[in-house]
Structures are given as C-alpha cells and as structure tokens.
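Both of the next two complexes hold chain A, though its partner changes from chain B to chain C.
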Partner chain A sequence: MDLLRWPVVGPFLRWRHARTSLQLVLLAAAVVIVLHGLVGPDLASTNLATVLTWVHYRGLLVVALLAAGNLFCLGCPLVRVRDWGRQLHMPRRAWPARLRGKWIGVALFAAVLLTYELFDLWALPAATAWLVLGYFAAAVVVDLTFRGASFCQYVCPVGQFNFVASTVSPLELRMRDANTCRTCRTADCVSGRKAPAGDTALRPRVVQRGCELGLFMPAKVGNLDCTFCLDCVQACPHDNIALASRVPGAELADDRRRSGIGRLVDRVDLAALVVVFSFGALLNAFLMVAPAQALQGWMEHDWGLSRASVLALLFGAGLVVLPFGLLGAAAFSTRALTGDGAPPGLVVRRFVMSLVPLATGVWAAHYGFHLLTGLLVVVPITQNAVLDLTGAPWLGWPFWRWTGLRPGSVFPLQAGLVLLGAFGSVAVVQATAERDYGARMWRAAAPWLMLTTLLAMTALWILFQPMQMRGMGP
Partner chain B sequence: MSQAFYPARHLACALIVLLLTSTTRVAAHEGPPYPIVSNHREGPYVVSVWTDPDTTDDGTAGGQFWVMVQQADGSGVPAGTRAAVTVRPLEREGPALDAEAEPVDGDPGRQFAAVVLDHEGWFSVTARVDGPLGSVTVAADVEATYDTRPAPILLIVYLVPFVLVGLMWLRLVRRRRQMAASAGH
Partner chain C sequence: MLIRLAAAAVLLVLCACSGPQAPFSPGFTAELTPTPPVVGREFDVRLEVAEASVPLLDAAALELEGHMTHPGMAPEVARLVEDAPGRYRARIRITMAGEWVLLVTGRLANGRPVREEVARATAVAE
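Let's turn to the complex of A and B:
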C-alpha cells in the first residue's frame, strides 16, 4: 500500500507546498499558544498554552505516530521559521563530528521530563509560552549556524521521541524499485535535485533539497531519523519513493546497516535513547499517580530533602540505576543460559530495542488519557479567550461542561494499549533472539520476556492508581 | 505434521490472564474538572467554582470542588479568607453536606473541598467565602455521575480486540524476520 498513489491524499502529499501548509497550521497554533500563554489567564485549565501544549499536542502526536507516522515532524513549525531564516543567512558549518550522535538529544529529553515535573509546567501558561519561544530560538540558532537538519537530528528532544516511537508506526518512506535506485547516478534523494545544466556555472544550484538527515534511500531502513519531510519524494527524479505500509516494529529486529545510522547494535547512544524513552514512559506516568505523590512527600518530610533533590533522586533511580540493573541482569542471564561469550553491553544493545513497543504503548496510554478526557476543553477555552479579547461572545458563551470522555471509560483503551505494546515487545524479543541465537533462541529470549512482563505489569499497576489531573484542574 | 509450539505466544496469553486476575483493586481516576460558576462578581470578590462531581458508593469523597477567589480588581485575597461548600440533593430527600475548603499550596485564592455524593443526579452547590473583605455566597447546580471502570469481565471483552491484534502482530513480525533471513539480510 502506497499512500502517495492514493487519490486525494497522494496528490496532496506530493504537492510541493504540502509541508509548508501543514507547518503554517502548526505555526498558527504555536502563535496562539505563545500569545495566550503570555497575556491570557493564569489558570492553567483556562489557558490555551497549557491545554494545547500539554493535553492536545502531546496526545495528538502519539496518535499520529501510531496511526500513520512522524506527522508532527513533517509539519514542524520550527523548520518553517528556520527556512525563512535561511533565506537571510545560509549556514556554512557542518555539525561538529564529535557531537554527532544522540547524546545531546538524550540529555535534553531527560531534562525536559525532569523540568516538566520540577517546575510544574502543566500549571504555568506563561512558562509554557516561554518554553515554546525558547524552543523556536534554539532551533533557529542551531540551524542558522550548522548545515542540514542539525537541530532535528542531534538536539531536538521531541524529535528524538518521535524517531524512536515512529519505529512502531505503520508507514515508512522507502524505495519502490531497487533496480531503479541501482541505476541512478545522481542520488538526488540525499544530495538534492540540481538545476539543469547550463543554468549555473561550476556548482549547480540545488532546486529541491534532498534528505537533510543524510538518509540515502536505497540504504534507508525503517523510520529512525526520518522526519517524514518528503524532501526525498520531491527530489527523486524517478518517482521511485513510496510512503508504504509495513509491519510496525519489525525494523527493531533488523540488524542491517542503515544509511546515516549504521547498525543498531553498534550505537550505544541509540540504546541510551531507547532506555530514556522506555523507562521515562513509566517514570512520567508514575509521577502522575497518588503513590508517587505520597513517596515524594515522604522523602521531603522524612529525609528533609528539597523537591528538586527528591526529583533528581527519582530520575536518577528511574532512568539510570533501575535500567542499568534490569538490563544488566537480563543480559547476564542471557549469557548464562546460552553460553554466549558476547560482552553484556552487546547483549543489551541487541535486545534493548524490544522495549520500544511497550514503551510506546505506555506513552499512548498516558497521553491518550489526557487527550480523551480533555479533548473538548479547547472549545470553551477558545470561546473564553475570544470573550476576554473582544468583550463579546462571538463564539458563544463558553460551554464549560464540554470536557471529554469520562476517565473510567478510557481505562480499557489504556490497558489495551499497554497490552498491545507488550505483544509488540514480545514479538521483537522473539525475532531478535531468532536472529542472533538460532536454536538457542528461547533460552536467550527468556530473560527479556520476563523483563517485558515485569515492565508491562508495572505499567498496568500505574494505570490502576488514582491519577492526579494535573494541568486540567484548577 | 506436528503442531508448532510458540512459547512467546503462550507466555503472552499467560501474561494476559495474570494481569487480568491480579488487578483486583479498581480505583477511579479523577475526572477533568469544569467550572459551574465562572468569574462571578459578588461583593468585593470575583468567585469561580470548579467541580469534578463523581458519585461513589464506597464513602470516597468524590464530589470535589475548587473555590477560586480574587478581589474585584483582580488582586489576590488577603490571608484569612476562607471558603466552604454546602451540597444538597435536589431530586430526593437528604441531608445537606458541608465541607470546609482548604487552601491549595497555601493559596487562599484557590481552595479545595470534597464531599461524598452517594447517588447520581442533581445537587445544589453553595460556596461561601468569608474573610477580612466580607462574606459572600454563590450558588449553582451540578449533576453527579459515576465514573467507574468496566467490571473485570467486561474489561476482558474490551481487551479481546487488542489481544487479537497483538497475536497477529507477533505472527507478522516473526514472518517478516524469517522472510528477511531467507533473503539473506
């Protein structure tokens, strides 16, 4: 199935201004978020900055990843602003070689999770607006300094989240016919399409850029590092790129060398990103529920720690100590059960990708909960904003009772998403073990299946706890 | 031909059964609150009342109310300003329920109270604000409803589609891996 050949959808996606139009929609949303955050009401549940950012944006982002692919990177307004900036100043520098990798993105991803908790960002409209402004500023500064999509590839924490989660998306950009790529001599998909000969002198002008993240289509495997920007589709002179359906998550057990990435088992930084993505999903959800609030209160009062210290300890335990212990134990168990002499780190890197489907299920259950229970609040808040702005109810008096689904009715969906994610993780463990251990596959897989079970049960236990409706209530 | 044994599939099924039978405690999430009184100017105050009116059978105070108070000029109310909420059933006989509100994070402009709403239906809600600036009362009606999760047996029914899709996913990933292996990847 190739969406680029579908009626309506296909022509729209191939339209050269498709991305710009999506970016402008999200840019308009960002402008509304910033303006209302700075000048609107302080109450988080009546401000579009907090509600659109922490309820709708996060929820819709996960829905899009699970339903299609990395659509929010496709429509990212930061890139639109960056492109406008590059019309004034074109960067010449390449991103420093020693900074290539995901370490900065991993650190920022963890920092965003910690900052969100530490400063109660869900309750602070103005701070949310400044965060959005800061994000735009960072993207512009990085990408006006360095060539390509340096910010997306190495810095953006949301982008890193999207890259990992998109490995379980049902769509990917890939070549249609390998022979066509084999005979291609221009590699426009990665280098960009040049102006016809004679148009310029020595160095032909690029009229359509290729992949800014350096993904060469014939060697591209899966969605990692793909922003779904469709630049390759626009650049390919042979119309040989499809937006095709696939088996979600299968790429996580694919050990081929990938363009721009290499082999997954060789990338310690990618393994770290997956660890933060996976254990961060549980930690982020755990910090929402009553037992976590009680634990924090106990640590503050009985240990005499500040809230910042308590959160630092919890994040250290949740994102470093616990993963190190659990993954290490699973790796040593696999070695002992199979007689494999591979270093434990290598065993971890082989299997760590299997955590992604379960973690994506947890993120979807968590953010989907907020989205579904608060889906309609955007209506009365918008009505109220217009009322505040104009003094007249041009959109009607706020329908404050429009909120969303009852939380109890969302629970089966949450449990189902976690369960589905656990199935996906089991599938990846099985495929990985079969790939690397052959006849010993079940011995190799057993510790990782136990780990998947443990994490799935932890996720369900968290979902069963009373949840604080932060950002929604007054 | 002997039937293939797939330990992963059996483990997944065991996991489902284990999870469903181990989850005996069902506690409702708190629902998204909404205002029943919005920026109502009364005396020296501007009062809003937000509520999350959950009916409960186990004595949990599921009827939650946030009383938001500020001065008419938009500034904060002085310390010592207290709020209280009284809830009375409208559709049947029953006692009025009083609850003193407590400041949230020490902020007298944002106070929280909870009462037990033991049946579904409409209740009248009266919020009183007393403080150095004076005393005022605002009133509204609210409809309380249960917010319970499905019973375990119903939950199993709801989860069946996820299990079916999950089993299909297991099969597809494995088949994909085997195809890749046979293709020499």
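Let's turn to the complex of A and C:
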C-alpha cells in the first residue's frame, strides 16, 4: 500500500507546496499561541496558548504518530521560519562531529520535562508563549549556523520524541523497487537533484534538496530520524519512493545497519533516548495524580526540601537510578539464564528498544486523556478571546458547556492503549530474543517480559489513581 | 509572506492593547463553605460586593465560573442569586480534585463586561 498513489492524498503529498501549506497552518496556530499567551488572560484554562499547546498540540501529535506517522515534523512551523531565514543567509558549516548523536537532544528532552513540572508550565500562558518563541529562536540560530537539519537531528526535544514514537507508526518512506536504486547513479534522494548539466554554473545548482538528515533511501531502515518531510520523494528522479504501510514497531528488533544511524545496538545515545522517553512517560503521568502530590508534599515537609530539590530527586530516581537498576538487573538475569558472555551494556542495548511500544502507549493514554476531555474547550475559549478582544460576542457567548468526554469515560481507552503497547513490547522482546539467542530465546526473554509486565502494571496503576490538577497559576 | 504575517501580528496586538472596554472588577469578597471544597459535592459561594458597585450590578446578568488552573478541564458555571442588595449566592459542583479559580463574569447595565477573580480553592477528593 502506497499513500503516494492514493487518490486525493497522493497528489496532495506529491504537490511541491504540500509541506509549506501544512507548515503555514501550524505557523498560524503558533502565532495565535504566542499572541494570546502574551496579551490574553492569565488563567491557563481560558488562554489559547496553554490550551492549544498542552491539550491539543501534544494530544494530536501522539494521535498522528499512532495513526499515520511523523506528521508534526512534516508540518513543523520552525522549519518554515528557518527556510525563510536561509533565503537571507545560507549556513556553510557542518554540525561539529563531536556533537553528533542524540546526547544534546536527550538532555534537552529531560530538561523540558523537568521545567514543565518545576514551573507548572501548563498553568502559565505567558511562559508557554516564551517557550514557543524560544523554540523558534533556537531553531533559527542552530540552522542558520549549521547546514542540513541540524536542529531536528541533534537538538530539538520534540523531534527526538517524534523520532522514537514514529518507530511504532504504521507508515514509513521506503524505496519502491530495489533494482531501480541499484542502478541509480545519482542518489538524488540524499544529495539533492541538480539542474541539468550545461547550466551556467561550474558546480551544478541543487534544484531540489535531498534528505537533510542524511538518510539514503536504499539503506534507510524504519522511521528513526525521518521527519516525513518528503524531500526525498520530490528529489528522486525515478519516482521510486513510497509512503508505505508496515508492521508498527517491527523495526525495533531490526539490527540491520541503517543509513544515517548505523546499527541500533551500537548506539548508547539512542538507548539513553529510549530510556528517557520510556521512563519519562511514566514519570510525567505519575506527577499528575494525587499520590505523587502527597509524596511531594511529604518530602517537602518531612525532609525540609524545596520543591526544586524534590523534583530533582524524583527525576534523578525516575530517569536515571530506577532505569539503571531495572535494566541492569534484567541484563544480568539474561546473562545468567543463557550463559551469554556479552557485556551487560550490550544486552541492555539489544533489549531496550522493546520499551518503546509500551511507553508510546503510556504517552498516548496520558495525552489522549487531556485531548479527549478538553477537545472542545477551544471553542468557548476562542469565543471568549474574541469577546475580550472586541468587547462584543462576535462568535457568540462562550459555550462553557462544550468540553469533551468525561474523565471517567476515557479510562477504558487509556487502559486499552497501555495494553496494546504492552503487547507490542512483548512482541519486540520476543523478536529480539529470537534474533540474538536462537534456541535460548525464552530464557533470554524472560527477564524483559517481566520488566514489561512490571512497567505496564505501574502504568495502569498510575492511570487508575485520582487525578489532581495542581498548578499554582499566576 | 513574512511581512504580511508580521503586519497581521502587529495589528492583532494593537487591537488587544487599545482594547474595547477593559473588564470591570466590582470588588467582591467571597466565602466558601465547606473549605476546602469536596469533589462531587456542591458547595456554597457567598459573595459580597463593595457598596459603591451595588447600583451597577444586576444579578441576572452575572455568573460564577469555576475554572481549573490546568488547561483543558471542564469549567463549572452557576447563576448568581441575589439574597439582599450587594449580597449574592451561588451553588457550584466541582468535578475534579485540584486547583480551582472562581470568577464572576457578566455585564453591567451599560454593557461593560465584568470579570473578577473572587477566590481560589484546592478541591480535595472525598
């Protein structure tokens, strides 16, 4: 199945300006977010900045990843503004070799999760607006200094989230016919399509850029690092690229060498990214239920700690100590059960990818909850904004009754997403064990199946707790 | 394109600043029973307004809005009932534990919007 050959969708996606048009829609939303965040009401639940960012954008992003693919990178407005900037100034430098890899992105991803809790960002419209502006500034500065998609590949925390979650997306870009690529002499999909020879310049001019993330289509495996930008589709002179359906998550157990990435088991930084993505999913959900707040209050009062130190401790425990202990224990058990002499770190890197489906289920359950319970609030808030702005109810008096599903009614869906994710993780554990341990596969898999079960039960327990919507607000 | 967007942005900001009529704060004091409010049960809000504002207000044009500080959660809206000149009452049921902000909103007789935060409360589960 190839979406690029579908009626309507296909022609749209192959249209030269498809990406730009999507970017402009999201850019308009970003402009609304920034303006209302800065000049609108301080109360987060009546401000479009906080509602569109923390309810709609986050939720729809995860829904799109699960239903199709990395659509929010495809339509990312940061890249639109960056490309305008590049019309004025083309960067010459390459991203420094020492900074390759995901470490900066991992650190920023963890930092965003911590900042979000520490300052109750969801309750602060102006701070949310500044965060969005900060993203734009960072993207422009990085990408006007360095070539390619340096910001997406090495810096952007949202991008790293999308890359990891897109491994369980049902769609991917891949070559259509291996023979066409084998006989292809130009590799335009990665190096860009040049103007026909005989054109004025000495060096041929690139008329359509190739993959800015360095993914060479015949050697591309899976969705990691793919922004769904479709540049490769525009560039390939043989029309040999498909947006095809596939088994979600299967690539997590695929240890072939990938273009631009190498082999997954060799990448410590990717393992760290998956750890932050997975344990961050649980931590981020945990911090909004009542027991977490009781725990925080207790640590503050009984231990005499500040809120910042309490959160630093919880993040250290949740994103470093706990994963280290659990993954280490599982790796040692696998070694003991199979007599495998591989270093524990390597065993961890083999199996850590199996956390992704479950973790994506947890993110989807959490952000899906906010999206579904708050889906329609954007209507009364927009009405209210117009009322504030003009003094007249041009869109009618705010329909405050328009909200979304009742919180309790979302629980079955949340539980379903977590269980579906857990099944996906079990399948990845099984495939990995079969790949690396052959006949001893069940012995190798047992500790990781237990870990999956433990994490899935933790997730269900968290979702089952009463929510407590804290946030001091302004 | 960039220029057009920037122009639109500036225009919007100007509208917002030169604004129509700034909302009016009549000066309410609020008393909640019980405190803290309990999730799933109704609670009473008694409001008293500054004497100078009494003649400007009409209870029928006022509402009590309860919003969570967390975006995306359903607000609760209740009518104000006038007990005596300058004294109002509303009953409101809250549906979720956490931080709530109570606002009085509506209009004055001359059409000027009213909007005032009258209380904050952390609702607890039963």
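In this section, the second predicted complex is superposed on the first by the 468 of 474 C-alpha atoms of A that agree within 3 Å, B and C clash if a C-alpha of one lies under 4 Å from a C-alpha of the other, contacts with A are read in each partner's own complex, and residues count from 1 in each chain.
Simple rule for what comes next: a contact is a pair of C-beta atoms (placed from the backbone, for glycine too) under 8 Å apart; a residue touches a chain by one contact, two chains touch by 3 or more.
This one's a predicted model, so the numbers in the text were calculated from it and none came from an experiment.
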item: Simultaneous placement of chain C and chain B on chain A, clash or fit; value: clash
item: Touched partner set for A:84, first chain B, second chain C, both or neither; value: second
item: Touched partner set for A:3, first chain B, second chain C, both or neither; value: neither
item: Most chain A residues touched (candidates chain B, chain C); value: B
item: Which superposed partner A:54 touches (first chain B, second chain C, both, neither); value: second
item: First (chain B), second (chain C), both or neither touched by A:206; value: neither
item: Touching partner for A:466 - first (chain B), second (chain C), both, neither; value: both
item: First (chain B), second (chain C), both or neither touched by A:391; value: second
item: Which superposed partner A:18 touches (first chain B, second chain C, both, neither); value: neither
item: Touching partner for A:35 - first (chain B), second (chain C), both, neither; value: second
item: First, second, both or neither for A:43, with chain B first and chain C second; value: both
item: Contacts on chain A seen with chain B and repeated with chain C across the two complexes; value: 43, 45, 373-374, 377, 400-401, 403-404, 407, 466-469, 472-473
item: Touching residues on chain A, where the partner in the complex is chain B; value: 43, 45, 247-250, 253-254, 256, 369, 373-374, 377, 380, 398, 400-404, 406-408, 410-412, 415-417, 419-420, 422-424, 426-431, 434-435, 442, 445, 449, 453, 456-457, 460, 464-469, 472-474
item: In the complex, chain B residues that touch chain A; value: 7-8, 11-12, 15-16, 18-19, 22-23, 25-36, 38, 48, 50, 52, 66, 68, 110, 145-150, 155, 158-159, 161-163, 165-167, 169-170, 172-174, 176-178, 180-181, 185
item: Sites on chain C touched by chain A in the complex; value: 1-2, 5, 8-9, 12-13, 15-17, 19-21, 23, 65, 67-75, 77, 95-99, 101, 103, 113, 117, 122, 125
item: Chain A to chain C touching residues, read off their complex; value: 27, 31, 35, 39-40, 43-47, 50-51, 54-55, 84, 120, 122-123, 290, 370-371, 373-374, 377, 387-392, 400-401, 403-404, 407, 466-473
